[in-house]
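Let me begin by presenting the structure, written as structure tokens, before commenting on it.
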Amino acid sequence: MPNVFLALAHRPEEFRAFFAYHDALMDKQGGLSKAEREMIVVATSGANHCQYCVVAHGAILRVRAKDPRVADQVAVNYRKADITPRQKAMLDFAMKVALESATVGDADFAELREHGFSDEDNWDIAAIAAFFALSNRMANVTSMRPNDEFYLMGRVAKEK
Amino acid sequence: MPNVFLALAHRPEEFRAFFAYHDALMDKQGGLSKAEREMIVVATSGANHCQYCVVAHGAILRVRAKDPRVADQVAVNYRKADITPRQKAMLDFAMKVALESATVGDADFAELREHGFSDEDNWDIAAIAAFFALSNRMANVTSMRPNDEFYLMGRVAKEK
Amino acid sequence: MPNVFLALAHRPEEFRAFFAYHDALMDKQGGLSKAEREMIVVATSGANHCQYCVVAHGAILRVRAKDPRVADQVAVNYRKADITPRQKAMLDFAMKVALESATVGDADFAELREHGFSDEDNWDIAAIAAFFALSNRMANVTSMRPNDEFYLMGRVAKEK
Amino acid sequence: MPNVFLALAHRPEEFRAFFAYHDALMDKQGGLSKAEREMIVVATSGANHCQYCVVAHGAILRVRAKDPRVADQVAVNYRKADITPRQKAMLDFAMKVALESATVGDADFAELREHGFSDEDNWDIAAIAAFFALSNRMANVTSMRPNDEFYLMGRVAKEK
Amino acid sequence: MPNVFLALAHRPEEFRAFFAYHDALMDKQGGLSKAEREMIVVATSGANHCQYCVVAHGAILRVRAKDPRVADQVAVNYRKADITPRQKAMLDFAMKVALESATVGDADFAELREHGFSDEDNWDIAAIAAFFALSNRMANVTSMRPNDEFYLMGRVAKEK
Amino acid sequence: MPNVFLALAHRPEEFRAFFAYHDALMDKQGGLSKAEREMIVVATSGANHCQYCVVAHGAILRVRAKDPRVADQVAVNYRKADITPRQKAMLDFAMKVALESATVGDADFAELREHGFSDEDNWDIAAIAAFFALSNRMANVTSMRPNDEFYLMGRVAKEK
């Protein structure tokens, strides 16, 4: 059981809302793959220096992307990661939402359209970055620890 | 009906989770008054340059605090607002959660304890700042507009 | 009598120079309307977290623009305010002068020319942003308080 | 004739107010020596990357302090300059006024009192930092150039 | 062969100086263990968003510390890592050298002394942070890639 | 003897590596003149607030460029210095390497190519900025002082 469940358990209403929100964003269908959704989490959580989210969602990203290296790359500097130009545009926008949302404007949406993202995709990107703005802050304040197994998950072939 | 309802309505699952989370934090009992909860919203939303949240929650703060001026003060610079030292300590912590949560540590909790805040109060402060980190980002990305009536609400005696 | 008069009164020479400078910039004729001059004050004072100037000049802006909402919008995030593209370009430049004047260069003036601003207009925008860089700092250091009547001025029809 | 005179000459009212303000702050008697007033100018103008003010007031500082090296030191990093602890406290405060005036508070004034500064001295420090916040911005926007003779003034013995 | 060797190979003089400097700092005896030296590299390289150094030196840190998790923790937020208070003080100083060396002063050295660091240890901490300021910049500019084997090294028991 | 020699002397291995690296970058032939190499040092050292490097390399820059004013200009704000557009592009890139190397990318290299810089020139610019990132940090931590003669060197005709 991921430690985030334990951390939120003494506040049942917040617990239920948190996971309902999380699942609505991370498990839905749409223009973004599940691996791409996790990339957004890892990149913005790296920018927010959130140990729990980088390690736990880095594990999920490795599993979803079937790639043992992409999570470490995206956590440190997505601009240098082995991802597509479309994914870099997605993360450019996600990082702007995470770090300076007041400056988001029409030029950003035009750029996203050029990479084939729909309005619903843009909402997804923004909403994931925004939801983990919340999540990163709670994990940092509570010094939430990743479960030990997350560190290695998805790194060796047999675990995929 | 506040415009935030309209903005989220086309995503019913996110809508329900958002308001469940909001109500769990803003309507609960505890060591923080309802006006103090709104102060946290207004101060951190000012720091995030979120027009919707500063104007809409500024209105609620004026009503809850029965004070026509506190919201404008807190939105611009809570350090110079007509609030108590305890409330300034609350906002010092909320702003740290909003802007640099990775550096939150034991010294912050010790400072909060000196002002009489309990562990549950601290969670509330952090969770409100974190929830509006999410909310501010969505409002900025969607250019959410405050309803016209929020601008004046709570500013003149008969409206209190 | 606005509190800024009282705050500066014990230094008569500075008092006279301050108001002479202020009036030379804010009361002059030129390509910028009086409401636009106040917009520059409110936007840059918001960025400098100056309670006195946001509240007092917010009041004047509401009166000059005959608009009860523009001041609150511009104070929080001028990019999302109900103003013209030309006014946004004006405020882009004013904010650059306020926050990172060392990087102002030819590209900024070319942008301003495209929106129809003359060299004298550009000087006005820069000079207002620069003068309130001074004013905001003095108000912050002296914890200058806005007069109570500024909070409501220009918000209700009969006051316009 | 310093180039700042030429730059402002086409705006006679602003010209008169600027120099009246300047002289009220820089030529007055008080707890700060004239060299110390120039130190504030050089340190804060360095932080604002204002070529005119660092070079022109660096010259005046060398002359006033009868020290050929102090200006270059203070312009780059006053913390490492050959100045007294009292002067470092003065510049700590001036830099806070220049760069983050919204956070100035009682603790700053307590620190200044410990170094023997009076309330009037504190006003002088803040007002000089604030006035050159204005001046630096105008010089940066107009690309004001220092006169050639300022570069060498006060550097060699016979010029003192 | 680590990719950094290849990247620098076409500049033999720089290559020799780089590795001579590196070895002088990382292989020397002294108050810091080899694992602690690598912690400094990983923490400051994380702050500089250097993919090569975080991944390659993260591997070495895991091996040297015989700890499969410490590198990921330190790379994201050393304040929340499973390290000693003395190591946190070491990294507080290293990060200050990496990010704002102009403000390093006596108070920092007093803090280090309280944790038992000698003057030579302090030089080592600063010099490692400074050397990787160089290294991180070259790796970022050249988009240097970590060798694939670094990602997994030190993560599983048999590799220790 | 420049003080940097004394400061590093008690660490002979680091001393040798430091000067070998320095000479490999600063004394080599290539597309950058020796004066241009020193410009990079002065501009980035100004940004890092390194007194030793601004004063010492400012002296060398004056001598190499046979220009008594360029060093003071570049140290404060290279954008306003009397240098060529090609040199400003060189310093734009050097400053990006110094201050935010994680964002360096293809667009930067395209811009440099337009100004006629070769791949080897780009390496030189980056490597000089990176080497002085190291040097500035060591000078700041050790409070290294410039030799007195550097302040005046290259300022008066007979010294050129």
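Every chain is named by a letter (A, B, C, D, E and F) in the order it is written, and numbering of its residues begins at 1.
One rule holds for everything that comes next: a residue touches a chain if its C-beta (ideal position, glycine included) is under 8 Å from a C-beta of that chain, and two chains touch if they have at least 3 such contacts.
Predicted model only: the values in this text are computed from it and were never measured.
Both chain A and chain C are touched by B, F. Of all chains, the one whose Cα centroid sits at the greatest distance from that of chain C is E. Judged by contacting C-beta pairs, the busier of the interfaces B-D and A-E is A-E.
Between chain A and chain F, the centres computed from C-alpha atoms are 40 Å apart. As a whole-number value, the distance joining the C-alpha centres of chain D and chain F reads 27 Å.
Chain C and chain D, compared by their mean Cα positions, are separated by 25 Å. Touching two or more other chains at once are residues 49-50, 77, 80, 102, 140 of chain B. Here the chains touching each other pair up as A-B, A-C, A-E, A-F, B-C, B-D, B-E, C-D, C-F, D-E, D-F, E-F. The touching residues of chain A, counted against chain F in their complex, run 77, 79-80. Residues 102-103, 105 of chain C are the ones touching chain F in the complex. Residue ranges of chain D in contact with chain F, taken from their complex: 46, 49-51, 54-55, 58, 68-69, 72-73, 75-77, 80-81, 140, 143, 148, 151-152, 155-156.
Residue ranges of chain F in contact with chain E, taken from their complex: 11, 13-14, 16-18, 20-21, 23-25, 48-50, 97-98, 101-102, 104, 122-123, 126-127, 129-131, 133-138, 140-142.
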